[in-house]
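Look at the two complexes coming up: chain A is in both, with chain B in one and chain C in the other.
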Partner chain A sequence: MTTHTVRRGVSLYSYQEEFFLRTMSLEDCIRAAADCGALGIEVIPEQSIPGYPHLTDEFVDTWHGWMQRYGTHTAATDLFLDTKRHPDRWLTLEEQVASIRQDVDIAVRLGARIVRAIINTSPEVMAAAAPYAEEAGVRLLLEVHAPFHYEHPWILQHLEVMYRTGSPALGLMPDMGTYVRRFPRVVSERALRDGAKPELVDLVVRTYDEHGDTHALMDVVHYRGGGPADFGLARQATHYIWSEPKAMLDHMPLIGHVQAKFYEMTDEGVEYSIPYDEIVPVLVDGGFDGHLSSEYEGNRHVQDAFPVDSVEQVRRQHAMFARLLGEQDPVLPGAGQTTTGTGSI
Partner chain B sequence: MGPLDDQVVRADALTATPDGLDIAVHSHWYRALPLPSLARVDLTVDGQRVDPATLAVTVNGHRYAFAELAERGDEYWFTTDPVVLHTPVATGTGREHRVQLLLGLSIPYILTGPDRVPLVAPSSTDKTLTATGARP
Partner chain C sequence: MFDQYIVCEEGFRARDDGRAGGVVEVRMPYYRGLTLSMVEAVDLVLDGRPVPPADTTLTVHGNTYAPDQLGRTTDDRWEMGERAQLAFLTDEPLAPGEHDVAVAVRLRISYMPVPGGGRDRKRLTLAS
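== the complex of A and B ==
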């Protein structure tokens, strides 16, 4: 492995199950990330910070105190754009930009230089918000989230704005959910538990894995007499995509942060669906100098039948990253429970 | 519907007050939502449907009539904080009530269909719980 500038981080989204159930506090989440050597903290203020959007000075002081105590730093914040915040009307362009400015201000107070712009943010809003972000020293990165990809018209419109304005404040944040090579088994196994028909589950998984026409699946599932669980799975298959990770190389100057989505770290220490052993070398070769930031999303697929252990899942992902990045001192195995949600019924 | 449904109305959710039964309700969504997202509250207590027009709701320490929530798009309901539904249902300390709640959260950034309608994420509760006395 050549020298690289990839840094490891965790989005606290990864611990949402434990945070929601109050078995982990916000400080516990930060400590858990630091414990696996992931020092870049990504946070969704609306998820983690009581009182959002009004952050007290006391909270901000406490946050920075945690960063110091655990040797961490704020890598990114994630913004949402609630275009239908008011039931009777849409937010105007000006209100949307104001919403983004508010989130930029929050990022600055928390010490983040990167803000994730959610995929529904329009190119016009990005362009209008860019000068404010630039002034604040913050980059607004549009998430490239499945089923979008770099040739999709929506992304192309954003790229047009980014290249035309040349604003240093605009860029991209790829979500690794765009590199789902095989169907996540935590999802198909959940569908079976929810009453999906085994032959239809098999059809959906096989069609996805062979990169067949997943859009026709919803029709076929209807023709085959599928129920809600079958239909839901077929729809899910259209939400994942596989594309070639090397496509990121063409856009590397715009890429400031990567959301390392994952569904299941297996007992063997690999992600079941997403080939990180192919993705990480692309980031290294491209000279990516941002954070590879964990986004664990398997909890919702196993929580009906298994205890969720987000801490162990994130730890395993970072042990894998440390290995793929050639770190000398890999993340040591913890004492956490094994929770893959598969093969252990 | 999901397993987090079980967390929406928790064991200690019911409080008896002189004005009626208070029900603490947690969100089943992973991020704070603007108050109009509390779009659908189909509540039945002991088999009697509670008209939302009779409900008051306390969020973040402020008490609103249910219909007023639609005008509070700039205020957020946090992930780990309950809202309290104030119902006119007569009760007393130690009384049991069957609470059936279909809670529909309108998700203001996930728009579906050609009419761009916000996704409504539902949760369903059916529990029989005991009311505690009002906290001092």
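== the complex of A and C ==
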């Protein structure tokens, strides 16, 4: 492994199950990330900070105190854009830009230089918000989230703005959920527990895994007598995508942060669906200079039948990243010293 | 994603204002907090009978709202995982023992073309 500039991080989104149920506090989440050597903390203020968008000075001081105590830093914040905030009307362009400015201000207070712009942020809003972000020293990165990819018109419109304005404040944040090579088994197994028909589950999974035509899957599942669980699974198959990770190389100067979505780290220490052993070398070869930031999203698919252990799932992902990045002192299985109220999977 | 956690197992109780009815604690099935104007409905079905929304209130961190107030409330939020109190009126005082409690939460999520939210149903024992 050549030298590289890929840094490891965790989005606290990863611990959403435990944080929701109050079995982990915000500080517990930060400590758990630090324990696996992931020092870049990504945070969704609307998730983790009660009282958002009003952050008290006391909270901000506490946050920076945690960063110091655990040797971590704020890698990124994630913004949402509530265009449908009001029941009877859409937010105006000015209101949308104001919302982004507010989130840029929050990022600055928390020490983040990168803000995730959610996928529904329009190119016009990005263009209008860019000068403010640039002034604040913050990059607004549009997430490239499944089912989008770099040739999709929505992304092409954004790229056009980024190249036309040449704003250093604008860029991309790929979500590795765009590299789902095979259907997550935690999702298909959940569908079976929810009453999906085994032959229809098999059809959906097989069609996806063969990278076949998923456009009419919901219709076919309907023709075969499927119910809600079958429809939900078929819809998922249209929402995951697989594309070639090397496509990121063409856009590397714009890529400032990567969300390392995952659904299941197996006992063998690999992600069941997403081939990180192919993704990480692309980031290294492309000279990616930013954080590879965990986004565990498997909890929702197993919580009905199994104890969720997000801490262990994230730890396993970072053991894999450390290995793929050639770190000398990898995160060993069982080495994570974390406190959590949940059992292990 | 958090549907199974909407109805809290603890805290189901009679109203404390002497009127017939009860309080059930509920959580929003979402991974972030949301401004109340985007909470479109928190519907309750008690023992198989829908409770009219006008007979319910939602309380978040001490602030109480009638359903028709939620849409214009842009300065308060239902936080992620927060236990809100869904208070409701009934014709007769609740009988002691178990009740069938079903709650459906409908959310307006800006990046989703269809309504968000979820539903949950549990058997709860009225606190004595």
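Here is the rule we go by: the second predicted complex is superposed on the first by the 334 of 345 C-alpha atoms of A that agree within 3 Å, B and C clash if a C-alpha of one lies under 4 Å from a C-alpha of the other, contacts with A are read in each partner's own complex, and residues count from 1 in each chain.
Keep this in mind: contacts are C-beta pairs under 8 Å (C-beta built on N, C-alpha and C of every residue); 3 or more make two chains touch, one makes a residue touch a chain.
Not measured: the values here are computed from a predicted model.
Engineer: With chain A superposed, do chain B and chain C clash or fit?
Structural biologist: Aligned on chain A, chain C clashes with chain B.
Engineer: On the A-aligned overlay, A:Asp82 touches which partner chain: chain B = first, chain C = second, or both, or neither?
Structural biologist: It touches chain B and chain C both.
Engineer: Could you say whether A:Phe20 touches chain B, chain C, both of them, or neither, answering first, second, both or neither?
Structural biologist: Both partners, chain B and chain C.
Engineer: Contact-wise, after the overlay, does A:Arg224 reach chain B, chain C, both or neither (first, second, both, neither)?
Structural biologist: So A:Arg224 meets neither chain B nor chain C here.
Engineer: In the superposed arrangement, which partner chain does A:His152 touch: chain B (first), chain C (second), both, or neither?
Structural biologist: neither
Engineer: Which positions of chain A sit in both the chain B and the chain C interface?
Structural biologist: Comparing the two interfaces on chain A, one with chain B and one with chain C, the shared residues are 13, 16, 19-22, 44, 46-47, 50-52, 80-87, 118, 120, 300, 303-304.
Engineer: Could you list, by residue number, the parts of chain C that touch chain A in their complex?
Structural biologist: 1-2, 4-5, 27, 31-35, 37-38, 40, 71-72, 74, 77, 79-82, 108-111
Engineer: Name, in rising order, each residue of chain A that touches chain B in their complex.
Structural biologist: Within the complex, chain A contacts chain B at residues 13, 16, 19-22, 44, 46-47, 50-53, 80-88, 118, 120, 300, 303-304.
Engineer: Show which residues of chain A lie in contact with chain C when the two form their complex.
Structural biologist: Contacts found on chain A: 13, 16, 19-22, 44, 46-48, 50-52, 80-87, 118-120, 299-300, 303-304.
Engineer: Hey, which residues of chain B end up touching chain A in the complex?
Structural biologist: 2-4, 7, 30-32, 34, 36, 39, 70, 73-74, 76, 78-81, 106, 108-109, 111, 116, 118
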